[in-house]
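Structure in structure tokens, see below.
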Amino acid sequence: MSQASATDRALPNTYAAGLLGKRVPLYVLGAAFLISAVSFFLIGLAEGGSFNIVGVVLVTALLYMAGIYVTSLLIEGRRKATDRLVTALVGTAFVVALLPLISLVYTVIINGTARFDLEFFTYSMRNIVGEGGGIVHAIVGTLLMTLTAALISVPIGLLAAIYLVEYGRGTLARAITFFVDVMTGIPSIVAGLFAYSVFAIFFGPGIKLGIAGAIALSVLMIPIVVRSCEDMLKLVPNELREAAYALGVPKWLTVMKVVLPTSIAGIMTGVTLAIARVIGETAPLLVAAGFTNNLNYNLTEGRMQSLPVLVYNQYVSQGSVPQAYLDRAWAGALTLILIVMVLNLAARLIAKYFAPKTGR
Amino acid sequence: MNITRNAKRWGSLAAIAIAGSVVLTSCAANEGNASDTANDSGLSGTIVGGGASSQGVAQEAWVAAFQTANPDVTVEYDPTGSGTGRDNFIAGANWFTGSDRAFKDDELAEDNFAGCVPGTPIVEIPAYISPIAVIFNLDGIDSLNMDAATIAGVLKGDITNWNDPAIASQNEGVELPDLAITAVHRSDESGTTENLAEYLAAAAPDVWTAEVSGDWAWDGGEAAQGTSGVVDAVSGGTGTIGYADASRAGDLGTVAVQVGAEYVEYSAEAAAAIVDASPIVEGRDEVDLAIELDRTSEAEGVYPIVLISYLIACSEYEETERAELVQAYLDYVISDEGQQAAADAAGTAPISSSLFEKAKAAVDSIK
Amino acid sequence: MTTPATASRIKAKQRLGDRIFSSTALTAGSLILAILAAVAAFLMVESVPALTEDPEDVAILSGQPFWSYVAPLVFGTIWSAALALLMAVPVSIGIALFISHYAPRKLAAGLGYIIDLLAAVPSVVFGLWGANVLAPAVLPLYTWLTENLGWIPFFAPPASGTGRTILTAAIVLAVMILPIITALTREVFLQTPVLHEEAALALGATRWEMIRTAVLPFGKPGIISASMLGLGRALGETMAVAMVLSASGGVTFALLTSTNPGTIAANIALRFPEAFGTNINLLIATGLILFAITLVVNMIARWIIGRRKEFSGAN
């Protein structure tokens, strides 16, 4: 908890707050930024290149660290100086993590809007050569396979979580908990190979089906569902269960009528997040469901396209008008990110609005 | 706990479900309009094909045009690679296949094509002729002259700088920079690599000492996945050189290859010319148009680095409905419109009229 | 604990509903173990042909024995993941500390959410970004490193002309595993007993000294297990590596040249769509090896976490 730091902010204490004035770090930061911005601007002018924002940020951070360390060392001594250096380092770490995120979101939006039009969402890629075309078939495939995966994994995951929380004792329960955790670490491509192997053994090699993709996704999804459901069920206060037992309610009815309704919001949040997690999976679908240009509603016959595979495919096999393929790839990536964001947002809204009133 | 809110909750769930089903029942604007247009050909069904990914773009163009002309027909061309395509054709799963090489004599001798009537010949048509360009990225230079030995030396990493005398001596008047060469090759097995290696092994056997195969034979150099990967790598770097389907050369510099005393830039005509200058493999049935490319041909106006990809079908199918559909499809592919469609979409070289005559006879024989 | 456990159990009446429900739950729980076993079993069955077949007949092997094909891939997998971990762990600890001990409390949750956003980006998008944005951007840096620090074996020249080296792939991997490591270490740091922190501050420690003496020792097992989980994720990451790395095979420690080892997962993704016959079995066999590696890494990580749970259960 950051209680400690909160208290020393509340009571300004010259021993803890340091001898440097509150503003001094800001001045140092400003100076560092100015120096690095100007020098990068001059380098940019000299070489005729563009202004390097990432370079400015990184050099600013380095200059600030050096500046604040020396300033503090001269005025406050070594220990304070180290403290300030670490503060700067920790802040820099956060900024460093933000850089790729900002860069990624920026490029996806800039490149993705080129083809983010009506045709993109009303056409498939059937009979499309070069420019044009859309992703209806991929969206349909993604929805079908992800929903099927959810239909498989939610009952299994939820029941397994109920077993772990309400019934599980001894070695078996410990083994399940342990292997569920281990299963969250299965590489997605291995799940795809597994689904492919299952169908290849029964239907002959080379088979690629939507349902195989769904099974691969559910292998990835089950452990996530179990974990989140387990956490949610554990949050249900024991008093509720005991009250039900005291009234003579059988255990299974207690679970169905008391425990589950109390935790339904959390479970739905968990399931939504699990869907968001697997909807962007590419490798298992590439292996198990293949790719196609045609719309396919049938999970049990023929290949099925999905959005992530479409993005990959457009990027990897560009035709003679490469830009058209790249535009589709970026627009597909933008759509994918939007879907994942909407799912994450939905999960948060569910958690917020459907949360039970625990009275605490 | 607030039980009455359950109703609301399930209500919203139902709304989501309805919205979902609306999306799922809608269909793509460009699909499922078969009944709208008149179907004059009377053909219907699904042709299952697959094979060489090099043909992928051309096949897309052919399929699109063929499906538009025959709305009740769906052609599935699955770019699984030549090897898979041939395997699936032998197993009868592919009705026809695209392959970067013709079947070998011993494969034909086994004669175990599940989809074809035993004892009947296989139809092989070199309907996809595509020049392979040697592309490079140097500021201000659009074209360089090289002979086979130089190309081989550069690509395998023997020649490491652009101002090497081997390059400079063939390009008088061009100011070559003092810059390291980054040679880019395909990381995956591909017909493009195989055809390039075949040319270099034939034309510069002293330098290109490796066995000809679809896998890159040398250590070092930059590896890139697929044609796009190579083009990306070459255009993204500086001082890079690589090889790719000529249709993808774009704004990159290209190498004019020495043939005889001339340096020849790639072009569709020059690529088609080498096919005409090469003999058909002897001792095969006349519907089997496997070609023995003469890579060292010194004929005028011939561009020797080409990729030839075959369309392979049975001459006699076990199931007659397959024959009709495959025949119609191949008939379109070798036609002028078909070849032109591929040329527009994939930059291939249309087959010559003499080859067309033979191909037409072969396709007509399918039953 | 979760269900009432009375010392002297009164035998409850066995109801049919109870029995059906509990056995359904038990079945679902056991099903998970069965699935995991099935994954291993099916992969093994499908890999057998690759091991028994004559290497001459497997096109991808082109004559070399199975293990000499797999060894460089295993090396590349571990090497790239280790590089990613090397970059991601310090940054993650920094971010976790920033969120748990430095940022204003009101902002902390929001900042955590921003980092979690990174985890929500699909790997194929990371691949697009890495290949089209990151690789060209780091190219000048690589050239500079090889020219000026080329005597260090890792930076041996010549620099790749495209920037798609194993280091670039490792950077992308590092960005991808950042949120996982950050989330876990953040949780552990937040659990540091407040009394320890206040005691350190009361003794006159600066904030950094407090963190060094109270927070980091307490969080060490957490950091280790979080890193192991991150490692597991990096080992199995497929699409981003497949799209960014230009793999030419071989074993090398040079980070910036155009000769880079491939990784198992990326190799499968690149080869699988065009594989046929025993090649598929070969790829599945490499997948089995990847499965085994990640399984071991994850089991070690979970074992560390589990041990710590028992230890800290007393609090």
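Every chain is named by a letter (A, B and C) in the order it is written, and numbering of its residues begins at 1.
Note that in this section a contact is a pair of C-beta atoms (placed from the backbone, for glycine too) under 8 Å apart; a residue touches a chain by one contact, two chains touch by 3 or more.
No experiment lies behind these values; they were computed from the predicted model shown.
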Identity of the chain that, by mean CA position, is farthest from chain A: B
Chain pair, most C-beta pairs within the contact cut-off: A-C
Separation of mean Cα positions, chain C and chain B [Å, integer]: 38
Computed distance of Cα centres, chain B from chain A, in Å: 38
CA centroid of chain A to CA centroid of chain C, Å: 14
Residues of chain A touching at least two other chains: 206, 290, 315-316
Where chain B touches two or more other chains, by residue: 53, 79-80, 84, 88, 225, 229
Chain C: positions in contact with at least two other chains: 131, 243, 273, 276-277
In the complex, chain A residues that touch chain C: 1-6, 8, 15-16, 54, 79-80, 82-83, 86-87, 89-94, 96-98, 100-101, 103-104, 107-108, 155-160, 162-168, 172-173, 175-176, 178-191, 193-194, 196-198, 200-201, 205-206, 219, 222-223, 226, 233-234, 238, 241-242, 245, 250-253, 255-256, 276, 279-283, 286-287, 290-291, 308, 311-312, 315-316, 329-330, 333, 336-337, 340-341, 344
Chain A-facing residues of chain C, complex: 2-4, 12, 15, 17-18, 20-22, 24-33, 35-36, 38-39, 42-43, 45-46, 90-95, 97-102, 105, 108, 111, 114-115, 117-118, 120-129, 131-134, 137, 175, 178, 182, 190, 192, 194, 197-198, 201, 204, 206-211, 229, 232-233, 235-239, 243, 265, 268-269, 272-273, 276-277, 280, 283-284, 287, 290-291, 294-295, 297-299, 301-302, 305-306
Residues of chain A touching chain B in the complex: 119, 122-124, 126-130, 133-134, 136-137, 139-140, 143-144, 147, 206, 261-262, 264, 290, 292-295, 297, 303, 315-320, 322, 325, 354, 356-357
Touching residues on chain B, where the partner in the complex is chain C: 53, 79-81, 83-84, 87-88, 180, 182, 184, 187-189, 213, 215-216, 219-225, 229, 232-233, 236-240
Chain A-touching residues of chain B, taken from the complex the two chains share: 1-3, 5-6, 9, 20, 23-24, 26-32, 53, 56-57, 60-61, 63-64, 67-68, 74, 76, 78-80, 84, 88, 93, 225-229, 231, 247-248, 250, 345-347
